[in-house]
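Each of the next two complexes has subunit A plus one more chain, namely subunit B in the first and subunit C in the second.
On to the complex of A and B.
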């Protein structure tokens, strides 16, 4: 009997809120976080909408209590805010000390600050703190320092499946007996580099994204951070304040079909979802809601939709993409959507796929258009697929009062 | 007011599935979140739903929620003040 893994804390910041409470109210009132660019200094301002965290860097420094003279990237600050909320939610500061790790997903690392100081740095050749923090792992170390985690720490960067893989890896470390608790998730602030990168691929929608719509026209990028606390059943039973959900299943597959495109038959997505069902020990018919990757690109939504049809046949559960709320937070998307999926279990509600109008002719199903309340949600599947075909699916289960 | 308070206690227990708690266990003035009844911040949505469903009152700004959902009494006061007769 494998060790059961429970979720005991949640923390999140994104375009739709600065904490969990603001997220549930934004979801409930269908309030998206997408708007014109305000904080990022880019030539795409006014042209391409994004979902920014509605705070300046100075405000984020204030929220974390870190001195703005220290070399902390926006990315690290977002991560600290979300990870600390999850830490406090699980009351880890006052509970029995156990082997605790931090697995943080990101691609940005400290890149956002390097962009500001790079030209200046090139002119002189003086030492610059903000150039030194470029690497991905810098944000992980900053979060660990703020939370006081001195044990196992690692950074995962597998594009848009990164944060789902952080959760998957954390669960495996717990199941295999290496750790008792893991702070798992991801952080990603918007940067000029990745805005330009996605723009060069010509996959940014000029309107807020419209996943699973026949007229969809690409991604809306977003920023944010989300972390969950997962722990072994033994650790949670001893002194956890609440069992929020169970991480029942997970699966990862890498189809390596193309650098940035998914296969037409959705083989990687299909394999990941199938493996997740197998580790959870459940049938497709037991899934009550699929929080899809649903980026709004032609390629993803078709490939994912076909994979869902292949796996679920004629009995496709309600499906929605919550990216029209938060934007696509890339390396933080997996944990952002894991939390929105857990909130769906907690409140027995299914979040709508905003901006959907016209069904895709290639698919047999359409996404959920409006908020569904008072619906039994016992198992939720959360999909996160990355460039290179690195696909992950997580399954969370509602916990009965124990 | 006292009648509304005791009705609210029952409704809160029902909405949040607080199976082990009886209405008389809830102090009308104790904080609902944190050390009082021990609700956590995401439970606030259930209270928003309760006010909407049972009293037709909409709370859109989470910041208002913090004041309104401080205790059973502050909830009752808000309902009395805002409920259309």
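On to the complex of A and C.
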């Protein structure tokens, strides 16, 4: 029997809240985080909506307790806030010390500062503190330092599935006996760099995104960070304050189709979901809710929808994309949505796919339109698919309260 | 554990016919890679749209697979500290020029996972695919993941590599914070140069790890570990002993060291102490005169260790201390980046 892996702490910050409780409230009241750009200084302000964390950099410095004179990117600050909430939730500060690692996901790294200071890096002769923080590892190192993690750390970047792969790798490190506990998740702040990049690809919706709608017109970007604490059963049984959920299954597959497009038959998505079911040892019929990747692009939603139909056949469970709440937090999306999926298990509710109106003619199912309460949710599947066909699916299981 | 059954390397030296008789000397700001012969593996139309780094990645991955005689690996895992630096710079410069209608290609290619996913597209490989981007733990994490895939029974063959590129712009920026030498240096006489800063470099090395040995096997992989320091410091004796002990060895069992000397007077002393304290009887070699320093340079060190075990000889051009004539049985590869990121790879002859 493989080692069982339990979730014992959650921490999240996104456009719909600064902590876990604010997320539950926003989800329950269907309050999205998408609005006009307020904090990012870009020519796209007023033209393209986003889901920003509703805090200036100064406010984020205040929340972390880090001096604003230090070279911390917005990415690192968001990561520290969410990872610390998860850390405290699992009471790791006061429990028995065990082999603990940090697996963090990001793609923009310190680009928010790099893009501000780039000309200065090139022309200036003087030392600029921000030079050394532009890479992906920087936010991971800053989080490790703030939490006091001295052991294993690494950073994963597989585009929009990055944070799901961080959770997957963390679980494998525990199962393979390298670590007892892992802080796993991702952080991604909005930057001009990737706003412009996605805009150049012409896949940003001018309205809030409408996943799985016939008239969908692209992505709404978001920012945020989300981390979960996962532990071996042995570590959790000894002194964890709460068993929040079990990480039952995971699957990673590659489309190997196109750098930015998904295949028409959703082969990568199908394989990732199928592998996740296999590692969980369950049948498709046991999944009670799919938190879809559902970006709102023509291509993703069709490909993912077809893959879901192929795998679940006549019995498709309730499906929703929560990106109309949080926006697409790219490298942090996998852990953001893992937490929303775990909240679905915990509260026995299914979150609505906001902004949905017209069914896609190609699909046999429509997403969940209204909040569903008092529904048995025992297994939830969380999908995260990235550019380059890096597709990952996670399955969380409700824990019987003992 | 697993076996290294194939390797593909791109560096400043022509290694296509084994280890060269004499190394090519460069007196440069950074050691550049020789352009790979990618036309064997990538169709020219697709190649035109690819960044240099992606061409290097696919080519070294395909060389490794050909070397191992494996057509389809069951995992593709890349470590890269910086991904396509050139493409990132293109987009930044384009943005700085006030352009609001950007070309999307540099954005796509600057995304770190492009290397692993382009290798998958080239091979039509739907299996496990991931990318690690943690400075000098990037390749180490990728390699460890590949070992785990094999250990878990998820893969019989896994492809793992370390790849990074250097550009003049990036060189200039990182030179300001002291990572690189202030003046051009020779790769051949690098270790006589007692100035601060490393000789920068770039390179790609992919490995096919197999569950079983084969006709092409280089060596057995006995273990890997990573050690982080918040401020520059060498490894402790106890850490090294316990790394070896947990694999059933003592320091005396190591007969060959591959060390990451890079010519930086501030940090090379860490290698002197490592080789002197516990391994005074081991033969000592180095490799960064072939590759220069970069976040995933340890992959080149791993190549050299595996190469020497397979061929039963130590090229005199890499020898620092000891006897080149005695074949090695057990190799410890030790690399560190500015005293903060340390890694050990333990290899055995088969």
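By definition in this document, the second predicted complex is superposed on the first by the 398 of 402 C-alpha atoms of A that agree within 3 Å, B and C clash if a C-alpha of one lies under 4 Å from a C-alpha of the other, contacts with A are read in each partner's own complex, and residues count from 1 in each chain.
The rule is simple: contacts are C-beta pairs under 8 Å (C-beta built on N, C-alpha and C of every residue); 3 or more make two chains touch, one makes a residue touch a chain.
Because the structure is a prediction, the values reported are computed rather than measured.
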First, second, both or neither for A:201, with subunit B first and subunit C second: second
First, second, both or neither for A:371, with subunit B first and subunit C second: neither
Which superposed partner A:89 touches (first subunit B, second subunit C, both, neither): first
Larger contact residue set on subunit A - subunit B or subunit C: C
Which of subunit B and subunit C A:3 touches, first, second, both or neither: neither
Subunit B versus subunit C as contact partner of A:169, first or second or both or neither: second
Touched partner set for A:242, first subunit B, second subunit C, both or neither: first
Which of subunit B and subunit C A:19 touches, first, second, both or neither: first
Complex interface listing, subunit B residues touching subunit A: 17, 19, 38, 40-42, 44-46, 48-49, 60-62, 65
Subunit B-touching residues of subunit A, taken from the complex the two chains share: 10, 17, 19-22, 24-25, 28-29, 89, 241-242, 343, 346-347, 373, 401
Partner subunit C, residues of subunit A touching it in the complex: 43, 107, 114-115, 118-119, 121-122, 124-125, 127-128, 131-132, 135-137, 140, 145, 150-159, 165, 169, 172-173, 175-176, 192-194, 196-202, 252-260, 267-268, 271, 386-390
Subunit A partner contacts - residues on subunit C that touch it in the complex: 76, 81-83, 91-92, 95-96, 100-104, 107-108, 110-114, 116-118, 120-121, 123-135, 137-138, 141, 145, 148, 151-152, 169, 172-174, 176-177, 226, 228, 230
